[in-house]
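Both of the next two complexes hold chain A, though its partner changes from chain B to chain C.
So, the complex of A and B:
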């Protein structure tokens, strides 16, 4: 399947152009997230500062997670150039690790403050996991199959696998597939309690252990197509899960999703192939279980542009071969590699279109 | 589309209607609904619910009631499929739907954080271990694809549809599919706030229906390719013929009043199954007993199948089990085909003049080769499953 459109929204801005600029510009400091009596660094999306008179006006009652998802999804569809008729028939798969947790906690506020009989139906409606997908389908008039899926670290990869299967069986000709998650006060507390937070705001992906995190939020959506289109970013050539070692490893660049969500991320080292440089871009958008979607966007951009972007935080105590400077490159294959806390692995294999 | 045959070799069901498929069939025959006051949590609200009273201790996982419910239904389904010990030999996928288990909504955890700025993390750790499909996959040692569907009330049906896609794409040989959900205070309050819960036992499709009752349970099917079944010497006369899913693209909480998404879903499911509405013997409808759902769904079913189609809602026996509903109702649909009869639609008394059909009011024999289970979800998603039974000459 081919990636024919991408939409991203993260702390660095909206749209694939903003993401490309962030990749070129390098590391930027996160902003403070207040968690009661302390703050921690976090990469947060600023929706209030976003000028939008078309998509967001349809979402006045939606929560932040849904708005982030719809904006990125809408931009991916626009980027794809699909016509209205094609758009109407496409499928939608939204991946999320945690869903609308901030809205869920707001609903719990209602129970605790006002009692079981006086909670807000609007907040409840927005807390349901598939609310974002519902807003996407209604805002973009998409009437195909619409699913929301969750698999923690591998939510995006599993969604991508299903999108590929839908295309192969002819259920749809195009799929809008993407991932969204948000950060919030309670999730910040959980992150600060369970993880080592990088107090200097820098995720250092190649330190591996002890790994430090900076929570992030955002969405990356892709229009996947079975059709042959000239303007594709790249092809998703394969998806490998767990111990699938079948076939040769083909890679000109490995993007590691090391982002501090596990204290020890040394497993990534075993995935590296001699002679293949590695990069990691989580320092641009933050630590997210769905961060692989952003890695996939970075890989797709690099294959299209035939240009490698530098790892934004190049601390590299093991002296690994990493991309230190941006450079025009001849890239045929990119692997996006993610490990979970149980050291299971998922790999997205991208190929030049 | 790939039309590789996919057999249903095992069924598992656990709900207020029974701890097993056989228990459920007995409850269906007795016609006695199992709803009553909520006992699982305290709430000043007084809406009846359908609780599982006899969850076997073997499957209990502390703080993970949805996983526990799922494990019980999975075990029953694997027993029927004769796969309990054989499973690790095959590429097995797990695709289950849920709503409650996907949310980090532990009220005690949050109350503590609100009041003190800190809270014990055990509920968070449990939640992180409680991804439904992963938890089941770990428990049964399945190493194929794993995916939890969180599509609100169609989650279970969609999970079965996703598993069908996996099997027909060769991603696994066997799939454990369906849905599970526990009764939780959070959606209980939420659905009450939406004004769609009934203070009486629910009455799907009835003229005087006042809303839904929540329930809990798990419904699981074992799906496998015919080649895999043949290789291990298994057989089944039940098969999954088609799945269709379409969004209304209309509203966050209300179905499209004309049920356009459901109608398209049925057409997609028929196309995949290679059948038409005339081949269908009965429909296990979503039938939640809310005004909007039953009106929209009834219109579509009458339009697509004609007003004489045998329709039932089993929510009068189970309550609305949310993410489990599509799984349970797929099991009940398969059971109806296997037994050649469907139960009376519990709770129904009077036909609604605004709905051009009435559900079956007594146990009804069915002899068709195909039956349909429909699901309509919060968020405007719709799903239809076509289940078939090979009739031996």
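So, the complex of A and C:
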């Protein structure tokens, strides 16, 4: 399947152009997130500061998670250039690790504060797990199948797998597939309690252990197509899970999703191949279990532009081969590698279109 | 506080509540006229907003609207909502 459109929304801005600029510009400091008695650095999306609010006007009842998802999804569809008739028939798959957890907690707080008879029905409707996917379908007038995939670390990879199945069986010709997650007081509290937070705001992906995190939020959406289009970013050539090491490793660049969500991320070292440089871009958008979607966007951009972007935080105590400077480059294959806390692995293989 | 002052304060609170809790975009509380129709062609609220207003009245003023025929009249405008609140709210 081919990636024919990308939309991203993260702390650095909206749209694939903003993401590309962030990749070129390098590391930017996160903003403070207050949670309970502490403040920690976090990469947060500023919806209020968004210049073009056209799509948000259709979403006044939506919570932040759904708004982030719809904006990124809308931009991906616009970027794909699909016509209204094609858009109407496409499928939607939303991947998320935690879904509308902030809204769910707000709903529970409402019960505690006002009793179960006086809880906001709007908050309840937004706490439903398929809400973001439904808002996307509704706002973009999509009538194809709509699904939400929830899994902590590999939800985006599972969504890609499902999208591939839909395309192969001819259920749809195009799928809008993406990932979204949100950071807030609850997630900040959990991160501060369970993770090592990079107090200087810099995720250092190549330090591996002890790994430090900076929580992030955002969405990256892709229009995947079975059609042969000249303007594709790249092809998703394969998805490998766990110990599937069959076949030769084809990679000109490995993007590591090391972002401090596990205290020890040394497993990434075993995935590296001699002679293949590594990069990691989590310091641009923060630690997210759906961070692979942003890595995939970075990989797709690099394959299309035939240009490598530098790793934004190049601290490299082990002297690994990493991309330190942006450069025009001949890239045929990119692997996006993610490990979970149990050292299971998922690899997205991208190929030049 | 006189009844007139109390009514004015309730109207102000109701307008702020609607804009904030119904997430009305591009509307400021002071722009809502007291006699403006809230649903349909007026402010543009819909049936889901009506359910939310029922909950908001319960939360903020301890008032229950159980009869929806009565609710249609109560929810017509800020004037009618404020009068309902003034006449039925529990003494503080």
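Please note the rule applied: the second predicted complex is superposed on the first by the 352 of 353 C-alpha atoms of A that agree within 3 Å, B and C clash if a C-alpha of one lies under 4 Å from a C-alpha of the other, contacts with A are read in each partner's own complex, and residues count from 1 in each chain.
By definition in this document, contacts are C-beta pairs under 8 Å (C-beta built on N, C-alpha and C of every residue); 3 or more make two chains touch, one makes a residue touch a chain.
Because the structure is a prediction, the values reported are computed rather than measured.
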* To do: Could you say whether A:27 touches chain B, chain C, both of them, or neither, answering first, second, both or neither?
  => neither
* Could you tell me if A:60 is touching chain B, chain C, both of them or neither one (first, second, both, neither)? => second
* Asked: With both structures placed on chain A, which of the two partners, chain B or chain C, ends up touching more residues of chain A?
  -> B
* To do: May I ask you to decide whether A:134 touches chain B, chain C, both, or neither, giving the answer as first, second, both or neither?
  => first
* To do: Determine, under the contact definition given at the top, whether A:114 touches first (chain B), second (chain C), both, or neither.
  => second
* Asked: Just which bits of chain A does chain B share with chain C as contact spots?
  -> 61, 117, 119-121
* Contact set on chain A toward chain B in their complex -> 35-37, 61, 92, 96, 98-99, 101, 104-105, 107-112, 115-117, 119-121, 124-131, 133-135, 137-138, 140-152, 158, 161-162, 165-166, 168-171, 186, 189-190, 193-194, 241-243
* State the interface residues of chain A toward chain C in the complex, per the touch definition above. => 53, 56-57, 60-61, 114, 117-122
* Structure fact -> The chain B residues in contact with chain A across the complex are 1-2, 43-45, 99, 102-105, 107, 110-111, 113-114, 117-119, 121, 124, 128, 131, 133-134, 143, 145-152, 158, 162, 165-166, 168-169, 171, 185-195, 245-253, 260-261, 264, 268, 377-381
* **Contact footprint of chain A on chain C as seen in their complex** => 21-26, 48, 51-52, 55, 58-59
